[in-house]
Each structure stands twice: as structure tokens, then as C-alpha cells.
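Structures are listed in the sections that come next.
Two complexes come next, and they have one chain in common, chain A, joined by chain B in the first and chain C in the second.
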Partner chain A sequence: MDSKFITRGLERTSLRNFSVWVLFWVVVLGFGLYGAYLCLAEGLNQTNMDNRFVFGLWIFLDLAIIAFGAGAFFTGLLLYILKRSEFTAVINSAVVIGLICYSGAVAVLAIDVGQPLRAWFTFWHPNAHSMLTEVTFCISCYLVVLAVEYMPILLKNRKLKERPSLLVFQHNLHKVIPVLAAIGVFLSFFHQGSLGGLYGVLKGRPFAFREGFGIWPSTFFLFVLSAAAIGPSFPLLTTSLVSKISRKKLVKPEVLQSLGRISGWLLLAYVLFKSVDTLVWINRTSPSLLFSPYEYYNQESFGTWILFAEIVVFGLVPALMLLTRKIREHRGWLITAGLLACAGIAVNRFVMTIQTLALPTLPFDPFLSYIPSWQEIATFIAVIAYGVLLYSFSFRYLTLFPQERDLNSLTR
Partner chain B sequence: MKSIEISPSQYVMVIDADRCTGCGACMVACAIENNVAPAHPDATDRTGVTWMKVVKVSSGNNGDGKPACYLPLPCQQCAAETPCVTVCPQNAVEVDQQTGIVFQMSQRCLGCRYCMAACPYHARYFNWWDPEWPEGMEQTLNPDVAPRMRGVVEKCNFCHGRYQAARASAAEHGQASSDPVTYEPACAQACPTRAIKFGTPANNEQGVGDLVHSSSAFRLLPRLGTEPRVYYLSKHKWIRQMAQMEKETSTGEEVHG
Partner chain C sequence: MFPFVYDFRWEATSLIFLGVFFAVITTLMMMVATVTVRSVKDLRTRKIGTLRWHETFEDLPAGARSCRFAMSGFAPGRSCDNFFECGTCAVYPRFRSLEERHRPEDHESRSGHGGFGIDEKRYYHRGHTWLQEEEDGTCVIGLDDFAARLLGPNPTYQLPPAGSTLKQHQPAFTIQTGESSVRVVSPIDGEVLEAGDSTRGWLLRIRPSTQLPHARHLFRAGEARRWFQAELERLNRLVEIPGVGATLADGGTPVDSFRETRPDANWDGILGVMMLDV
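Our next item is the complex of A and B:
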């Protein structure tokens, strides 16, 4: 029934199956939106955050999905600036995922602040010294860039292409995409870094505070590098997942292996810098503020195991796996390595947000714990449901993987 | 004792920890003076608004017979690298250079709570609920202080309403606007043991100019370099060491006023 909207040569599941899939996620989205509505209408008392645990699940989610969304800028960098043409195969999918991640993060941020209608105040009374100002400016601009980058993908829809005016518009948009990709790379470098800087500048939180270069703490650079490191890994994972669910070959295995190799090198560089940074922090930064770094790991929930897991299990191990050709050529191991790399960055964002707030600063303060309320979890789920829906529609009606037609016709 | 450099014309608060009995009168007076609404039934000690909070500090584990003291904790009005000022994305926090008071503009606050994460003293409070007063009780509201709405951050401002009233009164008597005026915040006025002193070192009201230089004076977490304008006094070495992180592990519990 909707076949005239589906790209020629691509096979998609029946409209009935697709409707059931969509309906399920719409129900999940509805539940999530109800939780989000309660937070907006009744206030943030619906959450389990408090005056000490001022950030919770949502900030962790924001930092994590913005890092995952880095695939869009990094694939753009590889394709348009470094001229690695093989990544044409995944750029469209990476842009859609980037758009989902960034728009989801902005939506959650709007719920997370107490007075969302005052968001424009940041543009009207900006504090140039605040990392959050930089984050707000860059994310807003980059979201617009991503929306514009999504336009040519959308306009390539079979039905929309029939309108000559849209075809011309799409063609013209294509010409400026490399420029937009370059702007996206610039904006992404800054806001990924500023997200790291958010916590790194907090001298009042010695667990997170880091020395750095100029106005930027070391976490600024570590966040940029870690986002770039999983920039290629996350599209690798999502492509494999979509391939599994749709039972289609979407890209040539070499493309995924190439993404894995780049991710491996960057992850190795990140692990090295992170290790040096941790040593400087343990031996100099924290003791200079009279805080013994070993006390941070005395707490029941957060022992040194978390540091080991972050740097070794989810850092060094996937980096070495991705740099080993035999492991890369094995699909299962490649996906496992990508999964470990992404989990490592998620652990890092968790440590920077949740663990930082759990640890006391005042000498007579206790260690705190926090468990998100169902409304917070529901809002989290809403973002996932929104992402699945936008991606599902894009996958069905747009051409996200240019190699798909050839790969599957060869199989047939 | 190393010398403490402060601007003599700016206000400081000196709290004598040895005199504080933990009665909580300062907390009550503060809430009434500054139009802090009665706590919501679901509020906890971690979601309530208490510009002034009295904390019990023990030198050992609670109940083991070791000495304890009470520390009233208002905003420390940091003079240097004021953590909340630099992080606020929309300049909703500023330091009044004349008085040294760190001022929160709730009407501009987005409610992002980044300032709360930045504050090492946890002296900032978020309005998790709409402020509501029982019927008739709104008649007791202080007309000199604007109540704050849900979703914004607030904190102690050394009773800015009283400061403004004192300035207006001083101007009527011909005092130059650049001269510091004498006034007393509600907590200092209400303290039955006179544990809280307030004024400018230049005028030495209530002897604060001498007290901040006394050998028993200390400030919280001095190594962070925030130069708080709230000083504490104690003759007990363990309290001074604990506050300055030169101590063994201590525990604390909050006192409900």
C-alpha cells in the first residue's frame, strides 16, 4: 500500500508488520511522554533528584547520547573533509542517528531545567565564562546543522523526488553539505569538549576537577577524544543492529571493519591520555586540594573497580580488539568490541555525573545515593522510543544505506 | 595562624561554633524573614529550602561519646573564584562589589542547578515545589522580600531586604551611598546565645574586625581558594582541623529547625 513511497529496489517488511512495530513504540513513547508531562506540569518534585543530587539520570543520558551522536560529525569529517569516500555507505544513517541523539538530548534538557520557558535567557544574558553557555550555543547550532543535513536525505524519498522544485532544492543542498559538515565538526569539537569541561572546572567537586590548558580542563580534551573514538563505533553498532532486525545486508563488511579500525586507534589514544590524566589527578590535582583520591574509592558502590573497568575493560581491551585484524574480520567480535567501546564511554559519563555528585566535599558530609523515579526512567524511555520511531520511518521510506540495493540483489 | 585578607568595607559573618547550641532559631528566623514557604508535606531534608542550615558535626561516630558541635551553614559568600558566579549560563548570580554579597537573581534563573553542583558548601536550594502558605499565613509575608517561584534556585543573601531598608534609612540621615550601613541579618538577631556576629571589619560592628583575626577563627575548605566571607570560631582544635580538611573522618547529621 505504501510501496510507492519506498525506494525502488529496496525490500521492506509489509505495512502490517511495520504498523505493529510502530504501534508498539508509539505506546512506549506515550508512556514516556506521560512521565515527562508530569515533570513539566507538576514540577521536578516528580524526580528523585534533590538539593545535593542536583543532576541524575537525565544528565547522564544527555552526556552519553551526545557522545554517541558524535558518529554524525565524525563520519562527516572522514567523508567530506578527509575524503574517505567509502563512508558514503553509512553517512546517511549516521546523520539520522546524530539528529535523534541531539534532538533527544535537547528535549530532555528542556524537561530537566526548572523553568524551560526561560531557556532563551541564555542567549539574551549569556555568561561567557560558563561552560554551559558554550554547550547551549553549540548544541542549538549543531541541531540546526543536523536538521539541514537531514533534509537532502528526506528529499530523496521516491515520492518527494517527483516534485521538480524539491529535486532542485535537494540538489542545491547537496552542494553545501560539505560546508555544513565542516561547521558541524567545528561545533561538535567545542560542545563535546565543553560537556567535559562542565564538570572539569568544578573546583568544589575535587573528584571531577582537573587541571588543564588555559581555560580548558583536561576533561575538555578527553571528552572530544572519547566522542571521536566512539564516533565510528556507534554507527558500526547501529548498522549491525538494523541489519539484524531487517535481515538485510546494508553495508560491505570492509566499511564496518574500517570504522572499527579508526575507532580502535582513537580509543587507544584516549586510553593513554585518560591514564596520564588519572595519574596526574591522583598524584597532584586532588592532593593539592587536600582530598585524598583513595577516599573517593572507599565507598561501597564505587570501588577502584569502576576505574579499572573504565580504563581497561571498556577502554584498552576494545581498543586492542579493534586494532587486531583477525578480530575485526570476525563480525561477532567486531560488534562486541564496538559494544565495549561504547559502554566504556557511557561508564565515563556516569562517573563524571553520578559518582561526582555522590561523593561528599564537606568533611562532615555523608556519601549520597540516588535512584531515579519512574518519571525519570519514563522520560529516558521516551527518548529511546522517539529514536526508534524516527529511525524506523527513515529506514523504511528513505535511503539510509546506498549499498543496500546492490548487496541484496547480489544475494538474490 | 596565617593572616586573612578581606576587604574591610564588605560584610562578613562570624559564627562562634562553641556558642551554638543547635536550637535552630536562626533557621526559623531566616525562613520567616526571607519568605521561605513552609515545607511541602513530601519534602525531605534533601529537598527542603533552608537558607540557613544547622549541621551537627561529631569528632567520631555518632553516639560513641566523642565531642560534637553544631555548625550553622549559610551561603559562604565566596569572595574569590565564586563557584556559582562563573558557572551560571545566564548571569543570574552576581557579586555586589560594594557589599561583597553574592546575589541570586531568581527572576533570571533557568533552574539548571549547575550552580548547586558547583557550590562546595551545598548552600543553594532548588524550589522543587510551588511555594504555598496556609490560608491566612500569607499575611505574615515580608513585603521587602520577593517570594520565589517553583523551578528556580535560591540561597542566603545576608538578608538583602534588611540591607536595602538600612540603606534607605541611612540615606535619609544623609549618609553617603558608598559608606557601608549597619544592619543585622535575621539569624544573628534571633540567636539566643549571640553566636552569630555580623558587620564590616572597617566599622568593627559587633567586633567582627577583631574576631576574623583571632587565633580561633577558621573558614570551611580554605584550600579551595574560595575565600568565604563566613568565618567560624572555635577553641577546639579538632573542629578547626576538621573544617579545614586536616582531620580524621567525621560524620554529620542535620538538625531540623
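Our next item is the complex of A and C:
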């Protein structure tokens, strides 16, 4: 029934199957939106955050999905600036994922600030000395960039491109995409970094505080590098997942292997810098603030295992896997390595938010534990449902993988 | 944010930060404005047909964009990046002279046609139309044998009236078959003189704007045979059974209607991909 809207030469599941899939996620989204509504209508008392534990699940979600969304800027950098044309195969999908990640993050932030109608204050009265101001400006601008980057993909829909005005607009917009990609790289570099810098400047939180270069603590650079490192890994994972669900070959294996290799090198560089940074922090930064680093890992929940997991299990191991050709050529291992790399960045963002706030900083401070309320979890789930829905519609009605037509037959 | 806003600070950090922010915003706004102005201009200058062809070309699967010299073996794996405009292609003269030097018999070759009817007097376009020059200087346009077998029995045609202008690579007429509708692109620029039908053996009589020997983008019989073979391989890949892969025919001639061999395939998609209407 909707076949006239589906790109010619692509085979998609029946409308009935698609409707069932969409209905399921709409129900999940509805549940999530109800949780979000409670937080907005009743106030942040619906959450388990308080004046001491101000960053919870939502900020962890924001940091993680903004890092995952780095695939859009990094793939754009590889394709439009470094002229790696093989990544044309994944750029559309990366842009859609970037848009989902950033719009999801902004939506959650709007709930997290508690008074979204006053969010414009941060633009009208900016504090140029605040990392958070820089993050706010860059993320807002980059969301606009991603929305503009999404437009040519959307306007290429089979029905929409029949309209001459939309076709011409799309054609001309596509010509300026490299400029948009360059702006995206610039903005991403700064907001990914500032998100890290946000924690690095917390002198009152010696677990997170870091020395650095100029006004930027080392976490600024580590966040940029880690986001760039999983920039190629996350599209690798999502492409594999969509391929599995849709039972279609979406890109040539060489493209995924190439993404894996780039991710491997960047991850290795990140692990190296992260290790050096950790050593400097253990031996110099933390002692200078009169904190023995071992105190941080005396708490039951957060032993040294978490540091080991972050750097070795989810850092060094996937980096070495991605740099080994034989492992890259094995689809299962390639996906496992990508998954480990993404999990590593999620662990890092978790450590920077939750562990930082949980640890005591004064002698009379207790160890704080935090379990998110169901409303917080529901809001988290709403973002995932929103992402699945937007991606599902984009995958069905737009051309996200140009190689798909060359790799699949048109039989049912 | 602005000097007139309470708490604005005239300090370097603020000015640099806001300066960069406004530069980004201005660049974004200027880009969208430029794109809008260009689009309005393109619409007014009626470039829409050319743009549509360029967009269609970009959307074609890589297999449909093979360079003609890739098919002849002189440029293996090469894809066209010039919208099938061989007349303005930078590499055309070099490969053409190579071809004529090393394989002059190709134009006459009759081998490898795979059972498709090919007429030596006709010129073939990659949208599966042919063009034949008449003695009075006009040309007739028809669908090639491959397209006829793709469309199956009893397609209906929506042909343009006499006096219409045709543009090379732009939709000339529409064919309806089953639930599918496909736009067929014109092989050449010209003016429609008369509409025919399948019983007359041609669909349109036109007055061409270009002399046919100068229409470099069209295939002569020898090239058309190789191209038909490549098209058949492409079609085989489109209808292959998942998990089985492409199978090799052990002889015989193509059936009259390809649809009948795989009725469960997505023929709307196949028609679009094979006839350059994606």
C-alpha cells in the first residue's frame, strides 16, 4: 500500500509487519513520555536525584549518546574533508543516527533542567567562562546542522522528489553539505571536548579533576578522542544490527572493516592517552589535592575493577581486535570489538558522572548511592523508542544505504 | 548575548566566544539563503529536467552506471561519472581510439548477443530505447527487445503529443504494466512529429536536434550486444534467490516475458532499476 513511497529498487517488509513493529515502539514511547510528563508537570521530585546527586541517569545518557552521535561528524570528516569516498555507503545512516542522538539528548536536557521554558536564558545571558555554556551553544548549533544535513536525505524520498521545487532545493543543498560537515566537525570538536572539560575543571571533585593544557583539562582532549574513536564503531554496530533485523546486506564488508580499522587506531591512541592521564592523576594530581587515589576505589560498588574494565577490557582489547586484520574480516568478531569499544565509552561516561558524584569529598561525607526512579528510566526508554521509530521510518522510506541496491536481489 | 542585554561583558573571552558563535550562525543562515536563491533561479531557468536526470543518475545502482569501455574490457571496473554524456567525457576519445585500434571488428561482431534481437541500423540508449534514422531525416524511437521482455505482455503507453519537445536523458513517455508505471527517458533531443504504437514497430517519430553519428552516448550494434549481456547479468542478480545466489543458464534463448520466470519478485523495483527510473 505504501510501496509508492519506498525507494525503487529497495525491498522492504510488508506494511503489516512494519505497522506491528511501529505500534510496539509507539506504546513504549507513550510509556516513556508519561514518565517525562510527570517530571515536567510534578517537578524533579519525581526523580531520585537531589541537591547532592545532581547528575543522574539522564546526564549519563546525554554524555553517552552524544559520544555515539559522533559517528555523524566523524564520518562526515572522513568523507567530505579527507575524501574517503567509500564512506558514502554509511554517511546517510550516520547522519540519521547523529540527529537521533543529538535531538534525544536535547529533549532529555530540556526535562533535566526542570524549567525548559527558561532554557533560552542560557543563550540570552551566556557565561562565556562556563564549559556548560559552550556545550549548550555547540550542541544547539550542531543539532541545527544535523537537521539541515538530514533534509537532502529526506527530500530524496521517492514521492517528495517528484515535486520540482523540493528536488531543486535538495540538489542545491547537497552541494553545500561539505561546508556543513566542516562546521559539524568544528562544533563537535568543541562540545565533545567541553563535555569532558566540564568534569575536569571540578576542583571540588578530586576524582574528576585533571590538569591540562591552557584552560582545557586533559578530559577535554580525552572526550574528543574517545568520541572520535567510537565515531566509526557506532555506525558499524548500527549498520550490522539493521542488516540483521532487515535481513539485507546494506554495505560491502570492506566498508565496515575500514570503519573498524580507523576506530581501532583512534581507540589505541585514546587508551594510550587515557593511561598516561590516569598515571599522572594517580601520582601527581590527586595527591596534590591531599587525596590518595586508592581511596576512590575502596567503595564496594566501584573497585579498581572498573578502572581495569574501562582501560583494558573495553579499551585495549577492542583496539587490538580492531587492528587485527583476521579479526576484522570475521563479521562476528568485528561486531564484538565494536560493541566493546562503544561499551567502553559508555563506562567512561558513567564513571565521569555517577562515580564522580557518588564518592565522598569531605571527611563527613557518606558514599552516596543512586538508583534512578521509574520516571527517569521511562524517559531514558522514551529516547530509545524515539530513536528506533525515527530510524525505522527513515530506513523504510529513505535511502540510507546506497549500496543496498547493488548487494541484494529484489525477490521476496 | 548582545551589548544591550543586561550583564553583557566587554571582555575578550566573551567577545571571542560570541564572535565564533555568531560566525557559525551567520554561515548557516547564509548557506540556507544561498541554497534557496539558487533553487529559485534553477526553477525559473527551467533547469529542472537536467537536475532531475543528474539526481536520477546519482541514485542509480553502481551496476547500472558501468562505463561503456568497462563492458568492452578497455577500462575494467570503471563507472561513468559524467551522466552518460559520452560527448563531453574526457576519457571517451582515448578509449574509443584504443578500441578502434585493437578491436575494429567489434562494431560488426555478432557474437554474444544472448538471443536478443539487435538491428544493425539502430542506435541504442541505456534507458532501453532504440533510435533509427529514416530516409527523410526524421528518426523513430522504440523499445528494445530487452525492455519488451522486461515489461511482459500488453503494456500501455502514454505518449507525448506531436509538437512536444524531448530532451536527452529526460522522461519521454510513460509505460504502465501491471501495477507498475515507468518513465522512459529520451535517447536524444528532438521534437515529436508523430506518436506510433507497438503494432507499427515504433512509438515516436521525432525530428532530432543532433545528427545521430554525433550522438556519442548511443550504442551501435556491437556495443549493444555486450551491453545486453551485461544487462542480463544485472537482471539475474536482481532476481536471484536469496541464499542460492546467481545461477548460470546452460543455454537457450531468453523467454518472452521475464516476469513469468519469477512472478514473486519486486518487478516495480526491477523495472525502475533496469530502465533508469529510480
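Just so we're on the same page, the second predicted complex is superposed on the first by the 409 of 412 C-alpha atoms of A that agree within 3 Å, B and C clash if a C-alpha of one lies under 4 Å from a C-alpha of the other, contacts with A are read in each partner's own complex, and residues count from 1 in each chain.
Convention: a contact is a pair of C-beta atoms (placed from the backbone, for glycine too) under 8 Å apart; a residue touches a chain by one contact, two chains touch by 3 or more.
In this text, all values refer to a predicted model and were calculated from it rather than measured experimentally.
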item	value
Partner chain(s) touched by A:141 [first = chain B, second = chain C, both, neither]	second
Touching partner for A:164 - first (chain B), second (chain C), both, neither	second
Partner chain(s) touched by A:125 [first = chain B, second = chain C, both, neither]	both
Partner chain(s) touched by A:84 [first = chain B, second = chain C, both, neither]	neither
First, second, both or neither for A:201, with chain B first and chain C second	first
Touched partner set for A:43, first chain B, second chain C, both or neither	first
Intersection of the chain A residues that touch chain B with those that touch chain C	124-126, 129, 133
Residue ranges of chain A in contact with chain C within the complex	3, 7-11, 123-126, 128-129, 133-134, 137, 141, 144-145, 148, 156, 161, 164-165, 167-173, 175-176, 179-180, 183, 186-187, 399, 402-403, 405-406, 408-412
Partner chain B, residues of chain A touching it in the complex	43-45, 50-55, 112-115, 118-119, 121-122, 124-127, 129-133, 136, 198-199, 201-205, 288-291, 356-357, 361-366
Touch list for chain C against partner chain A, complex	1, 5-7, 9, 11, 13-14, 16-18, 21, 24-25, 27-28, 31-32, 34-36, 38-39, 42-43, 47-48, 51-52, 54-55, 59, 61-63, 237-242, 262, 264-270, 272-273, 277-278
Chain A-facing residues of chain B, complex	40, 42, 44, 46-48, 55, 57-58, 71, 81, 83, 86-92, 108-114, 116-122, 124-130, 149-153, 220-221, 223-226, 242-247, 250-252
